[in-house]
Amino acid sequence: MSSRHILLMDGPDHKGLIFTVTKVLFEHQQNIIRNDEYVSPSGYFFMRTEFEGEINPNIVFSALRKALPEDLRLRLKSDKKKDIVLMVTKEHYCLAELLIRYAFDELGANIKAVVGNYNTLRPLVEKFNIPFYHLSHEGLSREEHEDKLLKLLLRYQPEFLVLAKYMRILSPGFVSHFPEKIINIHHSFLPAFIGANPYRQAYDRGVKIIGATAHFVNNNLDEGPIIAQDVKRVSHRHTAADMATLGRDIEKAVLSEALKLVFNDRVFIHRNRTIIL
Amino acid sequence: MSSRHILLMDGPDHKGLIFTVTKVLFEHQQNIIRNDEYVSPSGYFFMRTEFEGEINPNIVFSALRKALPEDLRLRLKSDKKKDIVLMVTKEHYCLAELLIRYAFDELGANIKAVVGNYNTLRPLVEKFNIPFYHLSHEGLSREEHEDKLLKLLLRYQPEFLVLAKYMRILSPGFVSHFPEKIINIHHSFLPAFIGANPYRQAYDRGVKIIGATAHFVNNNLDEGPIIAQDVKRVSHRHTAADMATLGRDIEKAVLSEALKLVFNDRVFIHRNRTIIL
Amino acid sequence: MSSRHILLMDGPDHKGLIFTVTKVLFEHQQNIIRNDEYVSPSGYFFMRTEFEGEINPNIVFSALRKALPEDLRLRLKSDKKKDIVLMVTKEHYCLAELLIRYAFDELGANIKAVVGNYNTLRPLVEKFNIPFYHLSHEGLSREEHEDKLLKLLLRYQPEFLVLAKYMRILSPGFVSHFPEKIINIHHSFLPAFIGANPYRQAYDRGVKIIGATAHFVNNNLDEGPIIAQDVKRVSHRHTAADMATLGRDIEKAVLSEALKLVFNDRVFIHRNRTIIL
Amino acid sequence: MSSRHILLMDGPDHKGLIFTVTKVLFEHQQNIIRNDEYVSPSGYFFMRTEFEGEINPNIVFSALRKALPEDLRLRLKSDKKKDIVLMVTKEHYCLAELLIRYAFDELGANIKAVVGNYNTLRPLVEKFNIPFYHLSHEGLSREEHEDKLLKLLLRYQPEFLVLAKYMRILSPGFVSHFPEKIINIHHSFLPAFIGANPYRQAYDRGVKIIGATAHFVNNNLDEGPIIAQDVKRVSHRHTAADMATLGRDIEKAVLSEALKLVFNDRVFIHRNRTIIL
């Protein structure tokens, strides 16, 4: 029985890496379906190889591990869907987009649960028979609220946490539990208009194009590695409110695009930049 | 003999402004070719009317001035080409774009002269039989250099000064001689990456889209009213140098687009934003 | 009690039309909120005026009708939401987009019912408490099927009929019941790839950009007036199936954009083209 | 002395091709700078490898040729600039773009000559000290005219022939002398608006987006493999003439982009599609 596997490799460049990888796969009768490499100007090597064959992939992986330099990180991924949890506040459009994609088997992930710091979106989520948890932040310190979140999330052990318009800042402590696993959608063309009210800022600055940015969350607000961005044209006729309305469509499209890349194991992170193979 | 005129009006909104304008034009047998208005959310009125007819336009203008509120600014423009001067440093691509458009009568302006703080671009300019002035900044204080520039510019009395990759910062004193008359092309999608080396900044931040911005110059560096912007997609494969190369094409296209709007008297400025009618 | 109204005017151009319209509105103490005009190169006049005031709008309308030339068509629209019916086959994504927008009051229309020639999408529609009708075409002639559709639609008297991936061709007879009232989303950048399997055609032709087109339906398949279009880049790596997947996101975005324009009474039709004011 | 070489390979897919290529390069102490592969859904293999090293590249090439299947086509390219000839009629903008890029060493090719069937563009070309040949078609049959062209071109032996707005149709006989070597810029988003007057056609059809297409020329007019495309938004306000003006900027940008890809040996042709690695 043949199955498809994805091998992710990154580390300092060495001569002969591609040769060694393809040699081991060839010797193990694996068929390469797709292969992409990139070497950064600073000499860092990235490679993503999709292969299939009838030998146990763990055997192939061990052989690769043995044949390749120790400072090259190797990760073997199956094409199994990722388990994810969504976090939301009150805005529905990114959440709805993901729920619809999930309901029609287009998301490439299983939404195990949705957590909201408001109860507003419960009816929407429950239409799709997914558990909704209302963990209000009211009356709680940030630490207390995040402790409650963490306890809930531990139960689900999500591979990725998607902030689908979750409007509260997460502390470095919280983020450290999910390194390179939290994805956020920011309602501006980062790094322009970092922080609050980006559409108001965009209106005041009189820009002719607005955008949205999906990025990994790290300890610096709005400064994690960018996965995807898109833009639309605006004119003086767009009020800040019009921009926000228009922006929603960009945000949900960009978040979907970013998640597709992430869930297909196509995204590497290096020095706060993404390499997408 | 009929000719085409453009009337620009801006000021606080009043009831009946469009009615009054069209009434006066109608009474003077003027034909409206194109008419655009905009009222900002804060109640500021903008109107641009192209009209033609056989009566002396100054008579029409006086009648309009009399009929309209005093706090409404009126400007009458003919469709005569604007006289402009270009300022450059060493990079050729925006300059070349404008020279070619001028040579084939597509610029909507007369390039009276080109001034460079280096002599690098003289051969290109002289191919097109346009005077080139080399005013080096070397060995001069900013004030001394700008004095020399001013003296030269006074001779040409340009309606607009176009910074076609002029890489020196102009002092507020210099700028104050050309209010709303200096147009710059900035090699980033403002307000992202203000300041030096925007493509290096863009590379380091790992953005997936780069852009360029044409704007009027005021006293705050890179913060004047934006006229036009455009973008292109990049990936991790683009080095900062690749981005700069790709960016050139955006820059010259955006500058051309902005100049077309300005030279057609389509751009109003209000509260550091442009209204384009 | 003041309310907002929209006046749509189109017909052969005459001198003084704008003047007359604004005069009547001024005399009836109506406040113009937004005003846009366009005169085509062939001399056809279009004007859309949003106004508000305390006088009965029918009185204003009668005065306008009396003051304006007879060959100018006038239509008065309120800002009431339009009643619409959706028609679908098996594909969910455009339907889902519209249902979500409707559920969160962002559609500018009331979805009175959804009709499918398959029963596939019933569960999705019923999540949103909207009537779903399954009118199968199987075993019926086109005429018989369309008769059943017509009977159902007559009950709802929709102002617009939206084909949200309805995959059957409608006969001229059927279309004639809904002149300028049927909106379709076509999965190509029309007029490229008219007809069946546009993504397969696009793949075979090796295009580098794919698109979608929202248009009014008239008697010529895929040739009605275009309302909105958008595109995305593709490469040789996209199979026809990948293009179809990517295309879905364009289709739903373009259909939403077109409907927003139509439901806001911003779209005129003239000589098989749309004028959008 | 180390130099950079580009190896292009295409043919039916076999197991182990990448392995074999990288093995031979590794054994010859070549350093892979960039490597891209693609396998089409129909099982056709494409690979482009940039490498450098101190061994004579012909030795490396022979070793590769021996190690790889016979049905795999191999081509070795140096990074030397290509010699090209441009063909023009009366329109200047694509020509000017290429001349400027060439003058500032950004074209990646040497323009050996420009041939026009009118004499209009001679002054522009001569500004850049490039030979201009006026080969009028007047009073000649197509065959006679093409014979004269061929004689001239034989003298220059160009690697590529660029039709920079050459407005005459080339016969299959002529084209057969330059297989996969003639590049044309077409003023529409192909396959929409094939043939004459595409902007007039686009206006009449009422499209909301216009475009341009750079493609290889084969025996079917406007149907050769597409290299690059781009688009811009238009509205009802754009006349056919406005679209033509706007279109020029798309055309010259798309042609430049396509030439960059071709001159960098990044374009494969297979079944009338381009694969760009």
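Letters A, B, C and D mark the chains as written, and numbering starts fresh at 1 in each.
In this section, a residue touches a chain if its C-beta (ideal position, glycine included) is under 8 Å from a C-beta of that chain, and two chains touch if they have at least 3 such contacts.
Note that the structure is predicted; figures quoted are calculated from it, not measured.
Visitor: Quick one: which chain's Cα centre is the longest way from subunit A's?
Guide: Between subunit A and the rest, the longest centre separation is with B.
Visitor: Over half of the interface residue numbers used by both subunit A and subunit B, so same, or under half, so different?
Guide: same
Visitor: From the C-alpha centre of subunit A to that of subunit D, how far is it in Å?
Guide: Centre-to-centre distance between subunit A and subunit D: 38 Å.
Visitor: Rounded to a whole Å, what is the gap between the Cα centroids of subunit C and subunit D?
Guide: Chain centroid spacing, subunit C to subunit D, equals 41 Å.
Visitor: Give the residues of subunit B that touch two or more other chains, as numbers and ranges in rising order.
Guide: Residues: none.
Visitor: Of all residues in subunit C, which touch subunit D in the complex?
Guide: 38, 40-41, 189-193, 204-209, 211, 225-231, 235-237, 239, 272-276
Visitor: Enumerate the contact residues on subunit C facing subunit B in the complex.
Guide: 15-16, 18-19, 22-23, 25-26, 31-37, 39, 233
Visitor: Note which residues of subunit B are touching subunit D in the complex, please.
Guide: Spelled out, the residues of subunit B in touch with subunit D are 92-93, 96-97, 100, 103-104, 106, 124, 127-128, 245, 249, 253, 256.
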